[in-house]
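First the structure, in the form of structure tokens, and then the observations on it.
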């Protein structure tokens, strides 16, 4: 398998999750770490997300849970709440995943996760997305 | 709703996840914090796990992901890998959830999560569980 | 014990800590997770904070310490610095608790905790609170 | 103030918290980082713990809370549960502090904190300490 | 050794890392915790940073790595990216250190570290620093 | 570039850091997640560690710092203390890196890091390594 197959597969997987994400990552990193943009596309999306054995919706549930629990990556959490909704999770499911984290990472983590979800839902309402 | 309804509902939900867990929690806490055993049954299991809106399998995926990412609760991670398998996740799905965490919490977190999974799978092989 | 006893006890305890907090929690969650607002009032405040065996001031010292050390819940830290002062801690005691965290969670955690305290003290000066 | 005043003050403060701790720290670090043993005595104990403005019991409550919440320093948590008891906290107060952490850092953190407390209480029972 | 020797040594070391840092720390803490400003200068800079056995550039690499991985101290991370550049690291080396953290603490930690670096590089471009 | 070039490069880089590590990773994961063993070799070692722009010694200093600060990956910390020594760090430098973490992640993190270092140094003494 050639390396550009990983990149293409990652690019397409990323597009499934968020239509603009590929371009955004490349733009935000082009002046400082262009290779890292390539890694982001190749490894997380080309290698890991593209694996069989777990559907994309379950992967996004796992990620929203983990980022809510860790509580130190607000921007990536919002990205993956969008992503989860884009691949078929309902808003209700997202809220349940985040509430579940109150048990495992504490109420502040869950409250901050719910704030992130509220912002994402507002952004989607404003642009007419479900 | 009476408080003992929350307890009963929690007890039954916990039994779905792990047959012996209720007794184990009560026994391990009876000398030091018996009220806390009651809270564990009432709030996480009676209130949160029992909510509609997200299936039990997805809840367990969220928890395995979060505990792998946090990396500081080995015993609870093993408990919920068992739980995830008991409510219908496959071993393959567990492994995928944990591998996904390499992207969000680093390779050491994923490697330690895979070690926990390996121990759980061995325990289940030894007692003839899938 | 009925469930609404837990809610009432939690509501009253929360009022002791911060006069407006109950309403604020309900308002901020009403569109996204109204049940979670109820849980916040019932479990942390109705069950845990209301327990005998540890005075409210010591509970708030414990919380300010933990949130300073975790370093990922700025808004909740500010809430509990207000809360600690409302239930009888002095500003000096708050500062000592936060400085103590330099030893256990590092100087950045303590410096960020002191920034939060500085903001809280300013808010209280501006509204004439001690 | 001379530097050895900080050391002496720290040594005495440490002795108040745990009679053998000073020797243990020096012994465990003597082959690898003897200066670090000196720092431990001078800065945390000579500078911070010895400050007026917060009683020793409240400092230990803050530390037990923080170490329970962080969940990655089991040996230091046990040391400070001993310390808290040595400076006047009751076992009941320790249990309450740790249970309070379920709200702020999740149930696994509190359960692991209670396990640590249980070990400490057992050690003290075995050696006839309260 | 007198205590003011530690302070002076710390002050000079801090000046090597960032010309204005000493004044800034004193100013930001003077109303709330002036002793803590003194501790910051004495212990981290007077005691630890001033030790032989590891060059200043390697110390700053270690700190940028740790703060990127922890992900909860954005302002201190930016300070130490400046510091690392001031004591001889190249921008390229900083970027490599942060990218390396994707492996140990996850991609979000590395992406947030790169954002911090981008802001620092921009600030230095604007003020004509390398 | 073909994918097996990444694997070969990673394998060789890993051998520089630890002679047996490649085999150990493959063996420990072969029953549970053989693809993950391949990813470990390809991405961290084939892509990231193999980049120019930062020498291997500085990479290992960054990793020892980060794992000490995070405090939840004891086995990986020991692996990278060995690795740092294998690529040219002195024991003294390792000790300095870990002590530096007391400032950024607290004294317990540094003390636990020093314990890990002590075990590693003992293992190397026993097998005649520097």
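Should a chain be cited, it is by its letter among A, B, C, D, E and F, assigned in written order, with residues numbered from 1 in that chain.
Keep this in mind: a residue touches a chain if its C-beta (ideal position, glycine included) is under 8 Å from a C-beta of that chain, and two chains touch if they have at least 3 such contacts.
Please read these numbers as outputs of a predicted model, since none were measured by experiment.
For chain pairs E-F and D-E, the one joined by more C-beta pairs in contact is E-F.
Distance between Cα centroids is largest for the pairing of chain F with C. Chain A and chain C, compared by their mean Cα positions, are separated by 31 Å. Mean C-alpha position of chain B lies 40 Å from that of chain E. Per-chain Cα centroids separate chain C from chain D by 24 Å. Those residues of chain D in touch with two or more other chains are numbered 35, 39, 43-44, 48, 51, 67, 69-70, 72-73, 76, 95, 99, 101-105, 107-109. Arrangement of the chains shown, judged by which pairs touch: all-to-all, with no pair of chains left without contact. By the touch criterion given at the top, residues 70-72, 95, 98-99, 102, 107-112, 114-115, 117-118, 121 of chain C touch chain E in their complex.
Taken together, the chain C residues at the contact with chain F in this complex read 69, 101-109.
Those residues of chain D that touch chain E in the complex are listed here as 1-3, 6, 35, 39, 43, 47-48, 51. Of all residues in chain C, only 28-29, 31-33, 35-36, 39-40, 44, 67, 70-73, 75-76 touch chain A in the complex they form. Those residues of chain E whose C-beta lies close enough to touch chain F in the complex are 43-44, 48-49, 51, 53-54, 58-59, 61-70, 73, 76, 92-93, 95-97, 99-105.
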